[in-house]
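You will see two complexes here that share chain A, one where it goes with chain B and one where it goes with chain C.
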Partner chain A sequence: MWRYMGRKLFVYALTFVVAVTINWMIPRFMPGDPVRSMLSRGSVSDPEALERMTAYYNEVFGLDAPLHEQYLSFWAGLFRGDLGISVMFYPEPVVDIILRAVPYTLALLVPAIVLSWIVGNHFGAFAARSKVLDNTILPAGYVLTATPYMWLALLMAWSLGIVAGVFPTAGGYSFALTPGANWEFVSSLIVHWFLPFLSMFVVALGGWAIGMRNMIIYELEDDYATYLRALGAPRRLVRRYAFRNAMLPQITGLAVQLGTIITGALLTEIVFNYPGLGTLVLDSLNNRDFFLLQGIFLFVVVGVLIANFVIDVVYVLIDPRTRVQMTGGSS
Partner chain B sequence: MSLHVNDLKVHYRTLRGDVHAIDGVTFSLEDGEIMGLVGESGCGKSTLGKSLIRLDSQMRHVGGTVELDGRGVPIADDDAMVPLRYHEVSLIPQYAMSALNPIRRIGRMIDELLRARGVRPADKADELRRRLELVGLEPDVLRRFPIELSGGMKQRVVMVLSTLLDPSLLIADEVTSALDVSTQRSVAESLVEFRDRGYVRSMVFVTHDVSLVYQIADTIMVMYAGHVAEKGPADSIVSEPRHPYTQMLLSALPEVGSTSGERLQGIPGTPPGLLDPPTGCRFRARCPMAFDKCAERPPLVETAPGHWSACWKTGGE
Partner chain C sequence: MRSLRLPAALVAVALVATACSDSEGAGGGYPREETLYTTGTAWGPPVNWNPLMPGNFAVGTKGMVYEPLFHYDSEANEYEPWLAESDEWTGEDVHVITLREGVEWTDGEPFTAEDVVASLELGAYSAVHYSNVYNMVESIEATGEHEVTVTFEDNRPQEWMNWAYSEAIVPEHIWADMDEEAVTDSPNEEPVGTGPYAAESNTDDRMVWERNDGWWGTEALGLEMQPRYVVDIVNASNEITMGMLDQNEVDLSNNFLPGIDQVLDSNDAITSYYDDAPYMRSANTAWLIPNHEREPLGDAAFRDALAHAIDIQQIIEGPYANLVEAADPTGLLPEWDDYIDHDLVAEEGFSYDPEAAAESLEEAGYSDEDGDGFVETPGGEPISLTLEVPSGWTDWMEAARVIADNAQDAGIDLEAEFPDEQLLVENRNSGEFDLVINNEQQLSNTPWTYYEYLFEHPLREEQTTGNFQRYENEEAWELVEQLAEVPAENHEAMAEATSAIQEIQLAENPAIPLWYNGLWAQTSNEVWTNWPSEADGPHHPATMWNGWFELGAIRTLAEIEPAAQ
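Entry: the complex of A and B
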């Protein structure tokens, strides 16, 4: 057990190092000079002033040191929780900007992933034994899963937001309010949260339901289910076993999908102009704010790694077969 | 009289029409009798075994009755069969190695099944341990997952589980097919022991292995293409078979220690398709003794006490 965990942790650590390295490389080897573009926005025309300011900012951002020193100081900063200073919001530290956006993204992602997964699985298991549901709602699920996400999100924003006017279509809260712990602000948060959440939830739901339905049908035909039925076991028991067995591939599916789901969240936030990490990515790209971009990617990588690790642990807890393999197994 | 099957007809529904898998099968089983049910693949022997406990979704009961211990068995009514299943009729399936839920500890799965069938697991706990020991398993297997057991061990767990409520009739469907010869022997002997100890009253032992069935069965029933060809005491079926099919089936078996260099005789031809079965005796096309009368279906007649045969040549004499 612990050896298995140790091996897993090692792999995750390795992934982390590689991801951080690539993350550090991309902005430095990409064309375009962040300091120059920042200065050009300031319309500095005097060449001498430009020279001095460039040198100054290069020093602030640590861009004047040799590459390997930059790399090492990047790691050192990482462990101090210092990801550098944003160009776009100069001189605010990158970490502060990200931490401000993270709650929005998490509040959107976690309920959307968890709820769509739970509801989709139960719904799929239910559809597997109802002909009517199987023939009506599942095809709708196929359509939903096949629809390009942005189009669906735009459609929702347009129909529920603009035409029906039920929900606001942009922002994390009403721009007329200042953040605070009062009811008005909280309700504004919820109303703004609902559409982006719903669009993510709906899109993910169909996929889970379809997967679960197929798995349940397969499990109900499996030998152990046939045997139980031959011994007169009630449907409830057979279904419970089938559901638990069918969950295992769905959990793996969740682990595989996590990366994609987070990309989906970027689109959601951009479509609904939601103040989370996704919008931040777009803004920092547009403004060539590589330090911010680098920080966000780092957060995403860490998030995906943690989520995958949690799923790994959960899988070990619920599937005895992985546990047996870990301890060497006896036959 | 423990089991009484009268003119049972079970068909498979397929897209191309009904497959007449069992087409008028009549036989009886005494208390304490172990009946070996033999025949080649597709003759309907497994279908017969299954129809006595649970019809698949494609299987349809077309006619005939089944009676167990003087009471009718409503094999066509899935819900009405539930009280009988496990308590009265039980099954050791062909797929015993994969019959246990892979993600439940065996003991917990047994408890859940018993509770679902209205039996308090605590009442059966001692008996369960005793029987596991009888088949050579430590009670410790109850705390393990199926994956931790070998194929033979799983098979034995299923044997004990299936017979735990002392059913009146046990259907053992090809239980030895996937086992090596020595394990086959011990499984077959355990089943005889179960009968001797009264764990099961009578048993239908479905197999295609005539030599194995001869060692454990009291009687043997030979099926061919959905019909009963012959039924009788194991000894007389093997030593003096009446039906030409049985004769040819037995002559196709190798004999241990045989020194003559004779090649074994197979039965030429293949069994008829059961989608649209021929009229009359179904073995007619492959039978060397066939004559005009075989165009009519031969009745199953008693040619010697307890020995029944369906052939115009042997029965009609």
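Entry: the complex of A and C
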């Protein structure tokens, strides 16, 4: 068990180092100079002033040191929780900005992932035993899975927001409010949260339902199911065993899908102008704010790694076969 | 159906929340009927309120919080005293400005002549963007508590009045002791101004201004700012802006929204300045900027051919759906009509004329010898040019394609390319381009700003504010300097000076004026009415763009009226 965990941890640590390194490299080797662009926004035209200010900002952002020193100090800063200073929000530290946006993204992601997974699995299992559902709702599921997040989000914003006028289409809360712990603000948060959440939930739902439905049908035709039925076990019992077995690949699927889902969340946020990490990514790209961009990606990478690790642990707990493998037994 | 219970519950919660926020909407926050929602100014989160950092400060900092000495009424072509009460040129080089009494900074300190002196003296720091104006002043003195006397060493009234109407006066008791770095690099998070609004709060996607009820202008000018709050929303995508306008979540949008003409025609609640095409007023000129350091764009005959080859109507009717108008061959905005030498334009100005383009090319020795359909230089070198506009600027991208097609029809090998905006700006500033489109120079108090933009001399390694085409003509620059020296209210002398410049401009076409970009302003009449309109409304610009408050836009905030509930 511990050897398995240790091996997993090692792989994750290695992934982390590689991800951080690439993350560090990309902004530095991309065309375009963040300091220059910041100054050109300020329309500094005097060449002397331009030079002086460039030197000043290069020092502020630590861009005047040799590359290897920049790399090392980046790691050092990382462990201190210091990701540098944002260009767009100058002079606010990147970490503060990200921490402000993270709650919004998590509030979208976690319920959307968890709920779509739970509901999708149950629904898929349910559909597998009903001919009518199988023939009507499942095709709809195929359409949903194939739908890009962005497009569905646009469609929802248009139909439920603009035409029906039920939900607002932009922002994290009403533009008429200042954040505070009152019911009005909270209700505004929920209303603004609902559409982006729904679009992510619906897109993910179809995939899980289809996967589950196929797995259930496969499991029900497996030998153990036939055997159970031959013994005269009740239908419910057979289905319960089939469901449990069908769950395993779905969990693996969740781990694999996480990255895609997060990308989807970023796009959804952009469509709804939701003040989470996705909108921040777009803004920082538009403003050439590499430090912020780098910080966000780092955050996303860490998030995906942690989530995958949790799923790995869960997998050990629910699938006895992995435990057997780990203790040296053969399957 | 156990599986559907959870989503159903969520829908219920969300619907309840909708109902609640509707019914309680008026209770807290910013009451809808007292709040003006605007968008179209900010491209990033508000993080800076320093009027000496143009391009960085939240739009409204200058105009709503900090105010200049004068405003300029472009329609009447005259200066309106603002923080100044009156002014007089007592000598050829001496400008005496009398200031208003009873004006207070929002921290309670009185506004005096010392504030004006301190503001201009900040120009002593070379990093301050108006150090060039400070350099032409011999002395600036407070000759009374409310009187400032400016003596010029190098008198260029046009340039001086440009400063006086467009730059903010900052409080001496806060700014005078700051060092250069603080002046040009501090975010100035608590701006203290004299203006009708003060910063209330801000988050990443909005800037909220609250009315300053003690503003001097209410009494002195009879202007009562109508909205108690102005919430300026950071630009989102076109779809979101369109949706918010449609849902009355935004009252004034200063974005270019493709297809807005259809909305204006079909939705009575949403209006613009003109009822029909072009719907919007003109705000600035879009120029085709050829890089004179690249062959053959340095050749006036070649530029002349290019100017004749472009079919502007095709751009106006195509990508713009008649939302813009073709520019005058001088590029001067309609407001500056008095300064256009129309006889000269009739004689020398260009228009779409492919035959004339072919003639120009032939006369100057550009011909297609190798038979590939495109001309070569007189020396036989092939010509291959690119026209760059920022990726994502869809209207400009379409326009660039039209221009490239037109040029190819005329035998000039021109391709449209769409690099990232930031990259384009860097390459443009350092001269690494063939052709770009640019519209950075806005309407102002004097056409001198346009000519400075076109002829700025001498060239620097980095051209960040004007003369991106790197055109060198000392004679033209001298004429521009002469224009700067014309007394600001002497319109005839100004027209004479501009005519002399236009003679060179039309012969050389250093940059080719294309169309007038609109003062994009679509307004919703659900909550606020009496928006500026050609037919039956006030005529001040309805915009929150930077640099327009001083051109009368601030008056629009006093002229709009709450819609009857």
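Throughout what follows, the second predicted complex is superposed on the first by the 329 of 331 C-alpha atoms of A that agree within 3 Å, B and C clash if a C-alpha of one lies under 4 Å from a C-alpha of the other, contacts with A are read in each partner's own complex, and residues count from 1 in each chain.
Here is the rule we use: contacts are C-beta pairs under 8 Å (C-beta built on N, C-alpha and C of every residue); 3 or more make two chains touch, one makes a residue touch a chain.
Remember, it's a predicted structure, so these values are computed and weren't measured experimentally.
S.K.: Clash or fit: how do chain B and chain C relate after the overlay on chain A?
M.R.: Here chain B and chain C can both sit on chain A without a clash.
S.K.: Applying the document's definition of touch, where does A:201 land relative to chain B and chain C: first, second, both, or neither?
M.R.: So A:201 only meets chain C here.
S.K.: Between chain B (first) and chain C (second), which, if any, makes contact with A:319: first, second, both or neither?
M.R.: first
S.K.: Is A:237 touching the first partner chain B, the second partner chain C, both, or neither of them?
M.R.: It touches chain B, and chain C stays clear.
S.K.: Would you mind checking which one, chain B or chain C, touches more residues on chain A?
M.R.: C
S.K.: Quick check on the superposed pair: does A:169 touch chain B, chain C, both, or neither? Answer first, second, both or neither.
M.R.: second
S.K.: Where does A:270 make contact in the superposed view: on chain B (first), on chain C (second), on both, or on neither?
M.R.: The second partner, chain C, only.
S.K.: For A:191 in the superposed arrangement: first (chain B), second (chain C), both or neither?
M.R.: In the superposed model, A:191 contacts chain C only, not chain B.
S.K.: Once chain A of both complexes is superposed, is A:88 in touch with chain B (first), chain C (second), both, or neither?
M.R.: So A:88 only meets chain C here.
S.K.: After the superposition on chain A, what is the angle at the C-alpha centre of chain A formed with the C-alpha centres of chain B and chain C, rounded to the nearest 10 degrees?
M.R.: Computed angle, apex chain A: 150 degrees.
S.K.: How far apart, in whole Å, are the nearest Cα atoms of chain B and chain C in the superposition?
M.R.: Once the two complexes are overlaid, chain B and chain C approach no closer than 23 Å between C-alpha atoms.
S.K.: Chain A residues touched by both chain B and chain C?
M.R.: Touching chain B and chain C on chain A: no residues.
S.K.: In the complex, go through chain B and note every residue touching chain A.
M.R.: Counting only chain B, the residues touching chain A are 53-54, 81-87, 90-91, 93, 95, 98-105, 112-113, 116-117, 145, 147-150, 158, 162.
S.K.: Spell out the part of chain A that touches chain B in their complex, as residue ranges.
M.R.: These residues of chain A touch chain B: 222-224, 226-234, 236-237, 241, 244-245, 248, 318-321, 324, 329-331.
S.K.: Hey, which residues of chain C end up touching chain A in the complex?
M.R.: Within the complex, chain C contacts chain A at residues 1-4, 6-7, 10, 13-18, 20-21, 24-25, 27-32, 35, 37, 43-45, 47-48, 53-56, 126-127, 129, 131, 181, 184-185, 187, 201, 203-206, 208, 231, 233, 236-237, 239-240, 243-244, 246-247, 249, 420, 422-423, 425-426, 429, 460-462, 464-465.
S.K.: Can you list the chain A residues touching chain C in their complex?
M.R.: Residue list for chain A touching chain C: 31-33, 36-37, 40-50, 52-53, 56, 88-92, 97, 100-101, 115, 118-119, 122-123, 126, 154, 157-158, 161-162, 165-172, 174-179, 182-188, 190-191, 194, 197, 201, 270-273, 275, 279-280, 283, 286-288.
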